[in-house]
């Protein structure tokens, strides 16, 4: 049986290129449609990205590893880039069964992305989005498959709300929260209430896309500010920890989070220093570690293709995790934690790390699509 | 009248070189004695440091500015390096009135430094130390002149305890706390009790001395651990905020501090993200800023030579302070703060920055000596 | 007597800000006119640059040192930014004696800069330009005051060619050649013909302006290409080494230069590895060093305000010069050389370093203006 | 049939760890013996390297890719580290057929390494060395398999000279020359005489091992000097291009090479700017590229396990190769070249790049061993 044909919106940008690298030998999906701005439309994909900064290594899914020797499947290079605004072209392919769904890595302004993603969905094409435009849309689930896979269950209600037949929209959260959400959830899931969380992030420059952060701002420097990032870091977890009720996602009331977000001179990998206060019931340090070591969820149980075997990896060395050394653990899909120890003010503290352009961007998007396929929403 | 003749122990190391740069044209002090390990002893100072990594810019005190064109006064280059262990040599100079006191930038192990500093003090030579060896010695004050200048008043008791005549020891605290201690004290001083403080530091590699941190550990990386640093960051403030009583320093009971200390790819300048919980009486954001803007203390009032005119500088831009852009404010002696804003968990939060090898090392040491001179303990 | 009133075109850009920092306490010049794009026009200067990346430290001319505490004179902050395209406004000031000349740090496209600079000159306002637009204009001198100060003598011919009364245009060369042109000239000046020169540059990111080089291109990376840079590096020296003849600058025929230009992760300071083949008469290594040590030219002899006392500084350590350690020698105006040694293929080789945004940009421009004032062309 | 049992001397150092990463799933070799300094001897390998800086990604030979999830085969972690000086232990294993040969990644001083490698060889154990100790030993071949594989033919003569039965020593050259030796050889091999070569290298910090280069020397900096590197860069190619004659390697007389070697803030990957002068017969740019594209040699023809399919990869983009983007091409074993263009002084110029700790260290060593096995000298 053939692979599921998929498209990438914003295919020539940094995240778009990473989607195509991940899809190059994906066991279930095959990129057949690439769309971008009118400026790139009409060119062959290989021409549109030639000489562009190529950040991505290709993930070689057959060999289950990263291959720095190529960045997209050869046949993708020969695809003609479509105008992402020409939804009808995609709709026609969809009607003929030649396009199942699209990944959205659009880099336009928020309102334009929101409108365009809705047009795709209205045209019957599911949108698995990396953009922030629809994160706070009430009936759009913001998925981390290990945490709130069940939120995908809102899709029928979303379709009904909008009058959409086959299309829908799902999103992934901001990359800054990936390095501690799975560890926090693993504890919550074992009955340890999360009351308050202090987070200080040290984020990689690739999180700002390309060209992104000017080198004069990060060489020999730290920028203690990322526009909008602290707000996202403090609020998105509440939606992700929320519950489905009457076709809506009702946000969780806790934990209350305070975030300081910083940009540091690191290419890839967001690091977070985290202190956590639990409710009345408090786990010991050993218990915390043992919960993390054992943690498995839907993606592992259903053996999704991109799922890390160990979603949370614990390093026992005093000085880990470190972005350059740990970001590619489990092909960039695991969270690495270390320095698990008591906190003088709250209960425990630790350092978390995740790869912001794999788990935090294209890799997270592909895992979302795998979840949706496994749950029967696409395919 | 001539300048006060001073010595530098550990004169060939990184901090030692910085002392000599700062002393090159100091209005009150003149370096006349340089001591180091037996390996360097007997060489001319210029030979002992030739080809060594020279980190320091010379502070040109006459012109009140930094001069990258030279790193020590010409006559210092011609001094013969003494063996730091040969205390008798220094004592002889002291007896002849040719050496008033010494700065200690010794880089030996802690016990050896403690013993050696005590031998100098016992020989009648005051020691203004940059080392951590005596920081927790009960009758040794750990000084930040803007904060606890009055702790110098313990010196007579210290002399009495030890049976020392003219000698004594004072120390400065760890560089990691310099970026927020003065701002916190300014608030405390206005009657705002400090209950709890969260601090995450992003520290420069020069804090580890030279050779210090291997480049493979910091290029494209963050190391979320600095040995012993979190303990110092959490405890030293309590001694500094303590009070003199019966010839002892009684530590303050608050604030309780939780620190995450990180090493980042920055040459100079420690940045700290700080959240503060006050007691019942809480200042508003504008009040905090106005207290900081107005803050002056003993060093400013007595016009100490190295004292920054504005000990706390506030930046209003959204993305400041930044180490490369702000570390040299007020010749590296000011603390720059920014992003003063409410904290979702505590009361306020802000980012603080100070130059770790100026205010946090040699500059802080020289300011301590200026304080002691002004108070009559040396000179 | 008052200072000479000057203007800065492109005043809000990176180089423009650096001009204003250098002019903040310049002994001869005073900034009275700031112009930029229509977007900034009408704002106060302090508002137009607030929150903009401020790279420059202010050069404190009275104290002859760098001051990181401010970046322009207070009164400049209160100037209203003019539209640089509104030449008439500047011309009016000029007619009233309130504007003597302008520095051009315009960042528009080459043809637009050329046209605009010519309009200022035609309006009677001398233009001391940092832009490349007029570098190859036949009657426009490309000045390095220590090398070809005499080329300023073409100004009368330039005026005559263009029918300009008081206005004229001079330019400075590309920043990439500053690190070896003065050393090469010092040898040429002593009668050592330069036949062939190999140069490999390792250039700082500030050379590309702001935002300039994306951080993802330089963190943990080298980019072995800078558009147009190798051509400039190979050709501009021939004009600078040329001779005035019949109101034209006749290019020198040698040396033939081959350049490899690279971008490296350095904020400021261009480094060049240079191998030189002389004509029949060849100096020994000691002779080369002694020529460089003794080298003085017009700016030193006439004590121009920005002129380095020692235009060429030699470091004898095996591993110098280094950009972070040596770029600010002589307030960023000196060239530092090291590793002077025989070359297995040519005659000698060495490493040269200069500060690309001081000597290589605003500082070089101000020195050009000082030269022109001393020679009587402005004032 | 089982794998060939091999050992690693210096197994706990940076290069030693990389050997074990590469051997983790090597199709022909299996690490069974790990030796290091007496300090590590007696510990389990996993304990000896725990918490040590782990630079290596493991090369997963079964899946033919890099795996960042582990750094050595599980059974290696359980090996007891032997004292490398205890040659008798290795000899005993060798006599029993349980150890075929050793890789040497010893980090002692040169004379000690030379003596120890000779003791292993004398004890009947072939030594495939990464160290420089024996590079200029007359009867020891310095191998780059694509270039001078035939030099392995000196082994019988070496054995005879030394009176060794089964043991012998081969070495690999310095990492700094790997980025252009294969491209140069490919041209030489087609009959284009190489007369003169200018090389400027920009070398990664990992080339200095660990702890290696202090971070204060490379952050925001370039160090234009690497001890001994220019001499190696200028001379080693002459031995590699030499010919076997009467049991000796007779060095080539050309090309004459002039090298400037620099350390830049890059973790891995040496970049070289190269200009080449040919003899009377000169290839055009297209001819050069076509020779490189087609180049294949012994390792490719015999399908050695670590051999890159394309030893020379050409990038056509204007700004490539770049270390961070191209160093891992062909699993770090290929040389990537770009910017092939005419040189104003010589004939052609280009930029070459190779991964200094894969091709330039452990990967090159393993490829040497594969060559020796294929040629029948080990196994």
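Which chain is which? They are A, B, C and D, in the order written, and residues in each are numbered from 1.
Throughout what follows, a residue touches a chain if its C-beta (ideal position, glycine included) is under 8 Å from a C-beta of that chain, and two chains touch if they have at least 3 such contacts.
Everything numeric in this text was worked out from a predicted model, so none of it was measured.
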| item | value |
| --- | --- |
| Contact-richer chain pair [A-D vs B-D] | B-D |
| Copy pair subunit A, subunit B: interface residue numbering same or different (half cut) | same |
| Rounded Å distance between subunit A and subunit B, as computed from the means of their C-alpha atoms | 44 |
| Distance between chain centroids, defined by C-alpha means - subunit A, subunit D (Å) | 39 |
| Approximate Å spacing (C-alpha centroids) for the pair subunit B, subunit D | 47 |
| For subunit A, residues contacting two or more additional chains | 55, 217, 219-220, 265-267, 318-319, 324-325 |
| Touching residues on subunit D, where the partner in the complex is subunit B | 53, 55, 205-206, 210-220, 265-267 |
| Parts of subunit A lying in touch with subunit B, wherever the complex brings them together | 196, 198, 200, 202, 217, 219-225, 227, 234, 256-258, 260, 262, 264-267, 271, 273, 275, 318-325, 338-339, 343-346, 349, 351 |
| Subunit A partner contacts - residues on subunit D that touch it in the complex | 50-51, 54-55, 57, 60, 63-69, 219-220, 267, 317-319, 324-325, 328-330 |
